[in-house]
Amino acid sequence: MKLALIGAGRIGKVHAATIADHPEVALAAIADFHHPAAEALAAQYGSRAMDVEAIMDDETIDAVLIASSTPTHADYLEQAARAGKAILCEKPIALDLTRTREALQVLEANPVICALGFNRRHDPQFSALKASLDAGRIGALETLTIISRDPAPPPSDYVAASGGLFRDMTIHDFDTARWLLDEAVTHVYASGSCLIDPGIGDAGDIDTAMITLTTASGRLCHINNSRRACYGYDQRIEAFGSAGMLQAQNESETRLRFTGEPGQVEETPKWFFLERYATAFRHEIDDFFRAWRDDDTPLAGAQDGLAALMLAEAAERSLREGRCVALTEIH
Amino acid sequence: MKLALIGAGRIGKVHAATIADHPEVALAAIADFHHPAAEALAAQYGSRAMDVEAIMDDETIDAVLIASSTPTHADYLEQAARAGKAILCEKPIALDLTRTREALQVLEANPVICALGFNRRHDPQFSALKASLDAGRIGALETLTIISRDPAPPPSDYVAASGGLFRDMTIHDFDTARWLLDEAVTHVYASGSCLIDPGIGDAGDIDTAMITLTTASGRLCHINNSRRACYGYDQRIEAFGSAGMLQAQNESETRLRFTGEPGQVEETPKWFFLERYATAFRHEIDDFFRAWRDDDTPLAGAQDGLAALMLAEAAERSLREGRCVALTEIH
Amino acid sequence: MKLALIGAGRIGKVHAATIADHPEVALAAIADFHHPAAEALAAQYGSRAMDVEAIMDDETIDAVLIASSTPTHADYLEQAARAGKAILCEKPIALDLTRTREALQVLEANPVICALGFNRRHDPQFSALKASLDAGRIGALETLTIISRDPAPPPSDYVAASGGLFRDMTIHDFDTARWLLDEAVTHVYASGSCLIDPGIGDAGDIDTAMITLTTASGRLCHINNSRRACYGYDQRIEAFGSAGMLQAQNESETRLRFTGEPGQVEETPKWFFLERYATAFRHEIDDFFRAWRDDDTPLAGAQDGLAALMLAEAAERSLREGRCVALTEIH
Amino acid sequence: MKLALIGAGRIGKVHAATIADHPEVALAAIADFHHPAAEALAAQYGSRAMDVEAIMDDETIDAVLIASSTPTHADYLEQAARAGKAILCEKPIALDLTRTREALQVLEANPVICALGFNRRHDPQFSALKASLDAGRIGALETLTIISRDPAPPPSDYVAASGGLFRDMTIHDFDTARWLLDEAVTHVYASGSCLIDPGIGDAGDIDTAMITLTTASGRLCHINNSRRACYGYDQRIEAFGSAGMLQAQNESETRLRFTGEPGQVEETPKWFFLERYATAFRHEIDDFFRAWRDDDTPLAGAQDGLAALMLAEAAERSLREGRCVALTEIH
């Protein structure tokens, strides 16, 4: 698979490193709004810098990975679909439902493989939890608890352009919830506060949130967000059912334990998503390649992006209006 | 301290055993609606069976422990207050706010030491968590998560008379939340389902719930309830703040670990509240004795009972009306 | 069972408290070389102080618990056997083999129930490990590892009279090894150093040791001793076999975990044997009572005391001579 | 650094994959006694197959990695030294002391960078333990415990040519012990049994062993070996000292925990050394490159190979003669 990478920023670099190591995917080209960034990254991995237009026109390129800034996602996705290329698009497709739906219509008219970058579905630990759930290990799933806390809050100006906590950060948890609940979410209740950084509040956003999702059959899901966990990237899931409980625990660099003053001490969790989800990013590329090779469905697709965004919309309305919001209200 | 026990049922027996071992509290008398039960228990611990009226009239008796059936709590509490006895009353004072408030007025008119049986405040692990919070170990508290799951659901007829999940079971968690949040709760949102036992649904109740509490300054608290955790009594607390996190974990009988097929296996949590909170019940009596001896405030008092019941009322209304309820709405 | 306690020192007080709480064993009398100590303890538990001779002569007394100083154990044991009383004797019977064997001959001539105070066999966690072993959980046992470290070294003058590390401290581990290996130990190799307290070395003893036991069929056992573990009483066992591994882990007061600076921190292990083995002391009395009531064998008897002492002798010779010692050399 | 790999077998393939990914080391050539194996591996990584002689003669090649069969190590090492190439040699240099010493003399006469493949020194968890030790985290080191168990025994014919358990398997633990004890080992005692596979016994070897090392100052070290741990690759280290304890625990693929029947279950340890030490192999190459680039000492060198082999010799003599062996006896 000859793949072109669009976007040579932080997440683009992560993907470039992964693809460079991949035995079956070649990093055919790299584009970036800031051309020197594309050139530097291409030099590093023996690829070449190209314009997005040239990439779309190049028939030898099979696939594109869209890792540019959020406002460009939908445009590039549409161009790639029209060019008949397989697509792996970083989340979100767009920050609003209308633009997202337009992109989905283009995809419908130009049916190509389209995967969405919900990397957590590819995390080995979460995958194992999902497999256990599907195998009936805990019987009927009844409640789900997702703890998702970033190590440090983003700068206020990032926050202002982010679409808000629910669209920027919780969006991952909404997708995880949908994936694991395996049933339509019907109601959303969200509460939130600004407790960490007043600048985030000034930007009209929150930094601490608790969300309750309810599904058609009455399953309940709790999402627990914070923009700052001083001890690292706190990423845990607890699934509770009629026959038991599954818990995905945090991971640390080592399992070294010291016992003495001040107690029995192990390392704090891995600090950031690049470390915590390093394997997930590799599996994401594997899954995209597999879907392309076998003309199969990727683990997370464009419709999942729309569905997660609808939950974010509902959460935002719930927070604003102080009430439980039915998904039927979100259009 | 000469103490009379009212109620020789399950919880009464637990208290009798604790008091019989206590170096400074004497089990002076035992009363029960079913007199032979009182006689049997009195025989076991070298105490004597008496009527409630006789207990109230006996000036040598310093204190009463009200562990009879819930509908009798408020009456006995009022009688004991008028008789000038120190009181340790099992929760709840009553299942409705009006009756609870009447009892509190009698207490106000007859000021005696009055402790309420919120045993979890006396659990060594939760006490240690509270002490760490108070010592500033995690900086400013931001969110609190309380997992509270019973090992097995009660019979449906118990449910029918229980006042519902929030008044019967979550009431403990409401108290724990108030105690740890250390700030007024202003809003309650509750969602719930009947996923375990249809009989509970037929009795008009739920068996699975998630509740979100919000405090005046924006702290958030999640309560996670189930009437049935097949692996035992699941009692955990997670407090998250600006400088870290505290987690009270489940306790097991032993720390024995087997490694082999099917994995690394340790015991499930202790099965029921009598085992899990055995130490808490002893500390509860210690605290009551201390308050009586020093004419001091017990760790949990009658006002805490009223406050927890108000949260239960708010939760019930929230569940019924599908919206967030302000505490100012509860009268 | 009417039981008389001989010895009102530290361990005597532990036993007195346990017996006072026991529903089926009455603390009929207490003796101590220092009579006021016996009187004080008797007053505390509503018992009476008596001379040892009077106890032996009192036909209403069924059993004696010998918890006096080590040099008196064998004499009291012989007197009690001749008086036909059931005996629970603190370890060791004597510090040398000759005296121990004499006492065993008296027991043979006067067959009474005789239990030895190897309290660890009664620890719930070690009992559970033993039960798992016996149930074949790990298949054939191949190796055993016993970590046994005291929190703080004893005073040098205690050391001088103690009979040395192997007789005083490792004796418990020798018994644990015999109990779990379930097979005759044939060879002993011991190495040891004085690394903690030079005063212990001056007294001719060691404070740090590693011992290897080999059984008839080739099972291997490692014992790991230190007189000082700064983090508490370190008591662990690991049994390894063809189908898996069992590990008895240390216990802490609480399972509270803090995550933040400097890591994920839990409490250190319980500090001393009174805390760690509180339940074991209760079960030891239970087992003694059961053996007396049913005329049955106690879990640890006088022969176990002799056998453990022979291992200590072999270890000492091994250390002195720098070679592996066969049990056949010990007479 | 242009590096040639000698040996395209199991461990050779591991190194080839690591080097192919390395940004600063080029896989310049691959040799194997079985030439097609070298060709296949060279094709996979874009390298070329060469004879050993040609490699030694090629002045553009900076370094060789000797990963061929054990009997060839010393010869290749000498050739490489004479050719002035930096050397990374898999352990052992040879199975006997004489041949090892000869090779060391050639190295002395031809001083090149020579690293030895004691991969465990490069494991992140063991490195962290070593760093903590060096930083004084546990004060003065007093005892060390090394648990090292393979998941499954090798075939009997492998055993026959392996040099025996101590030279083949324990050699790693001897090196780890030397590295961490940071002091000369003066005495060795070894006991061993054949409990797992009678074929191993028939080949004159043991499959289960316990070894005690004593250092000059009296530090004690216990090594615990088994050729078969049914639950995976069991690799743990415990360092105990005056100010605490450090424990390197086993690692599992995930931290997923199931709670229900039959308990609280986590995954067994990683199954084999390729998984457990994947990172260690990368760091080993990093360290070798660093030493070559900076003309510095590698973390483990040829002298370390000799020293570990001397401990293996001492252990073997101890086992054979049933006594403690002084290192001064080993020539």
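In order of appearance the chains are A, B, C and D, and numbering begins at 1 in each one.
We adopt the following convention: a residue touches a chain if its C-beta (ideal position, glycine included) is under 8 Å from a C-beta of that chain, and two chains touch if they have at least 3 such contacts.
In this text, all values refer to a predicted model and were calculated from it rather than measured experimentally.
Please indicate which chain is farthest from chain D, where distance is taken between mean Cα coordinates of the chains.
So the farthest one, by centre of C-alpha atoms, is B.
Looking at A-D, A-B or C-D, which one is a repeat of the B-C interface (more than half the contact pairs shared)?
Checked against B-C: the matching pair is A-D.
Between A-C and A-D, flag the pair that has more C-beta pairs in contact.
A-D
Just the number, please: Cα centre separation of chain A and chain D in whole Å.
Result: the chain centres lie 41 Å from each other.
Measure off the straight-line distance from the CA centroid of chain A to the CA centroid of chain C, and report it in whole Å.
It comes to 58 Å between the two C-alpha centres.
Spell out, as numbers or ranges, the residues of chain D touching 2 or more other chains.
Residues 230-231, 243-245, 258-261 of chain D touch two or more partner chains.
Can you list the chain A residues touching chain B in their complex?
Spelled out, the residues of chain A in touch with chain B are 140, 142-143, 145, 149, 187, 189, 191-196, 208-210, 212, 214, 217-220, 222, 224, 226, 228-231, 234, 240, 242-245, 322-324.
List the residues on chain B that touch chain D in their complex, please.
Against chain D, the touching part of chain B is residues 230-231, 252, 258-269.
Quick check on the complex: what are the chain B residues that touch chain C?
21, 124-125, 128-129, 132, 137-138, 243-251, 253-261
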